[in-house]
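Next, two complexes with subunit A in common: one pairs it with subunit B, the other with subunit C.
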Partner chain A sequence: MTDSDHDHDHDAIEATDSSPGYYELLEISVRELLIEKQLITAAEIRRQLEVLDSRTPALGAKIVARAWVDPAFKARLLADGRKACEEFGITFYDDTQLIVLENTEAEHNLICCTLCSCYPRPVLGLPPDWYKQKPYRARAIAEPRKVLAEFGTIVPDDVAVRVGDSTAMMRFMVLPLRPKGTEAFSEQELAALVTRDTMIGVVHPSLEARNPQ
Partner chain B sequence: MSDTRRLIERLPNDIGGVPAPEIDRAEHELQIWEKRCHALADVLDFHKLINTEEKRCGVEALGSDVIGKLSYYERWIVAFANILLRKEVLTPTELALKLQEVQARWQMPKAGGTP
Partner chain C sequence: MTQIVPALGEIALFKVGDAIRVATRAPIGQRGVIAKVLQPAAVDNEIEGFGHNAGLRRHYYSIVFPMAEVWAGYEGQPADRLQIEVFESWLERTEP
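The block that comes next holds the complex of A and B.
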């Protein structure tokens, strides 16, 4: 089979003058029927769209930066990821638990979901397309070092690579290693170094790749 | 023989470790309906109408041919419709009539009602 999320043509699917494509029509129909039956409300959909928009990797970056500067917070984060995030004001809108995997000098972590696309959405927002597509899902658990190398990350042989394979209820996030040379950085400056991909574990934070502040 | 054994041993979603090409790192901005589809999934989960595992199974039940040809959110919305029909939350007739009604909004001038 080919997992062709990205290699087939779509008709233009827009909620404008031109007729939506079949799948958008189906989405509208299912949603409206459920609203008419009073099983869900339009307000809930609108609210959830706002929630989805509010979740970005910047939230995870704040968590990581706090863990780097506050050992007690880090200990709580590693003990119970969800609870520590909630303490930080990040609500979990689903039933998932969060396990935070700490990168060390001896171990590098990578997260994936071989079965579908499970991802710590409350903390990182929606996953990148490649995370949901076959090549990453098929290869991350079988040949993680090769996958990492494709992202430009070479993990030395004496550093173990551990892959967290997510499930519907259990999500992972990587706590990357704090880069050297950041001893004088403020928490905010540290957060700017923490990109989405560093929390998936495919790259290391670097002083060259910063988030816009 | 070995071809069919492969189908039995691994369901369509179970692709961990199977040979696959290089990772294509291109990313696309979600279309509006795709984002609505995601919000719908979350709301369905809140109300326990379809939970995450049911959604995953619903996608898997589409079979590898459909999974391979549909995009990510196309698979989701088809899976939702199938699950809701199976649970008798919706009936096939309701859904067919609703699809006609929705489609007609774009066929009649000034029919209004973009979602």
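The block that comes next holds the complex of A and C.
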């Protein structure tokens, strides 16, 4: 596109921002130094990226769907989230523990990390950007009902809200309520309803919002 | 048979349902209740994070605080609560 294609005023649109930011430079520098000094290898970094890439909300969805259809599994999941996930072969490579917060008719749960970006990565993968940004981190813990309303989730006054604030060692995941009208659904069909945001607790699962199969 | 004496810090000081307050942290300095004693005890990585050797493992607790205790002027419902984990060294016992 050339300047003559249109005539309104704005800054030049750049297809790519070629200059890395401060933290990106810092990360690259430290990484290259660690490799150069042979403290870690490039292969180890690549392997860890593969580990991260292998974790997606689909894992959490399988866990939730199983808990919906298997009361004994649900009991194990609520007693020790990590052990129950390990039954599915999900490893906790970051050596965190997992507390699963169960949504009920009387209480709705929301998770956050006010300190930084702690998140149940072994079972949900990387957190969404908004989860890591200061507005969500500051507001989820101080005015959770307003934050939920902005996601379209209105929690009635007679339903309590519990906010789980994660730490370096302890991560939370929400076990959402199984939607009504899903009595005949298979476990796989149920898992399709369990989106990432339902396990963060900002929305309820619904028959309208499904994961891609 | 002699009485078995546990090491200092080996047994968790608090049990589920104990009323506590967090000693030196704002805004979470208010009254809460122990919800779960987390096992196993762990090295306090918050102290390690400041460059100090945290040494022994410390007991770690899941605690619930009423939101209204944490935030003055909290605009929500009285049953709303915060769940967070805190190391034993930060906690003080209070009257329920």
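What we mean here is this: the second predicted complex is superposed on the first by the 187 of 213 C-alpha atoms of A that agree within 3 Å, B and C clash if a C-alpha of one lies under 4 Å from a C-alpha of the other, contacts with A are read in each partner's own complex, and residues count from 1 in each chain.
What we mean here is this: contacts are C-beta pairs under 8 Å (C-beta built on N, C-alpha and C of every residue); 3 or more make two chains touch, one makes a residue touch a chain.
In this text, all values refer to a predicted model and were calculated from it rather than measured experimentally.
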**Prompt:** Given the touch rule stated above, what does A:164 touch, subunit B (first), subunit C (second), both, or neither?
**Reply:** second
**Prompt:** Touching A:210, do we find subunit B (first), subunit C (second), both, or neither?
**Reply:** neither
**Request:** Using the superposition on chain A described above, determine whether A:44 touches subunit B (first), subunit C (second), both, or neither.
**Result:** first
**Asked** Is A:97 contacted by the first partner subunit B, the second partner subunit C, both or neither?
**Response** second
**Asked** Thinking of the overlay built on chain A, is A:83 touched by subunit B (first), by subunit C (second), by both, or by neither?
**Response** neither
**Item:** Partner chain in contact with A:28 - subunit B first, subunit C second, else both or neither
**Value:** first
**Asked** Is the number of subunit A residues in contact higher for subunit B or for subunit C?
**Response** B
**Set intersection of subunit A contacts, subunit C complex versus subunit B complex** = 141-142, 165, 168-169
**Request:** Could you please specify the touching residues of subunit A with respect to subunit C in the complex?
**Result:** 97, 99, 101, 107, 141-146, 157-158, 160-165, 167-170, 172
**Residues of subunit A defined as touching subunit B within the complex** = 1-6, 8, 10, 13-20, 23-34, 37, 39-40, 44-45, 48-49, 51-52, 93-95, 114-118, 126, 128-130, 132-139, 141-142, 147, 150-151, 165, 168-169
**Request:** Report the residues of subunit B in contact with subunit A in the complex, numbered from low to high.
**Result:** 12-28, 30-33, 35-40, 42-47, 49, 51-53, 56, 59, 64-65, 67-74, 77-78, 80-81, 84, 89-90, 94-95, 98-99, 101-103, 106-107, 114-115
**Message:** Going by the contact rule set out above, which residues of subunit C touch subunit A in the complex?
**Reply:** 38, 42, 45-46, 49, 60, 62, 64, 67, 71, 74-77, 79-85
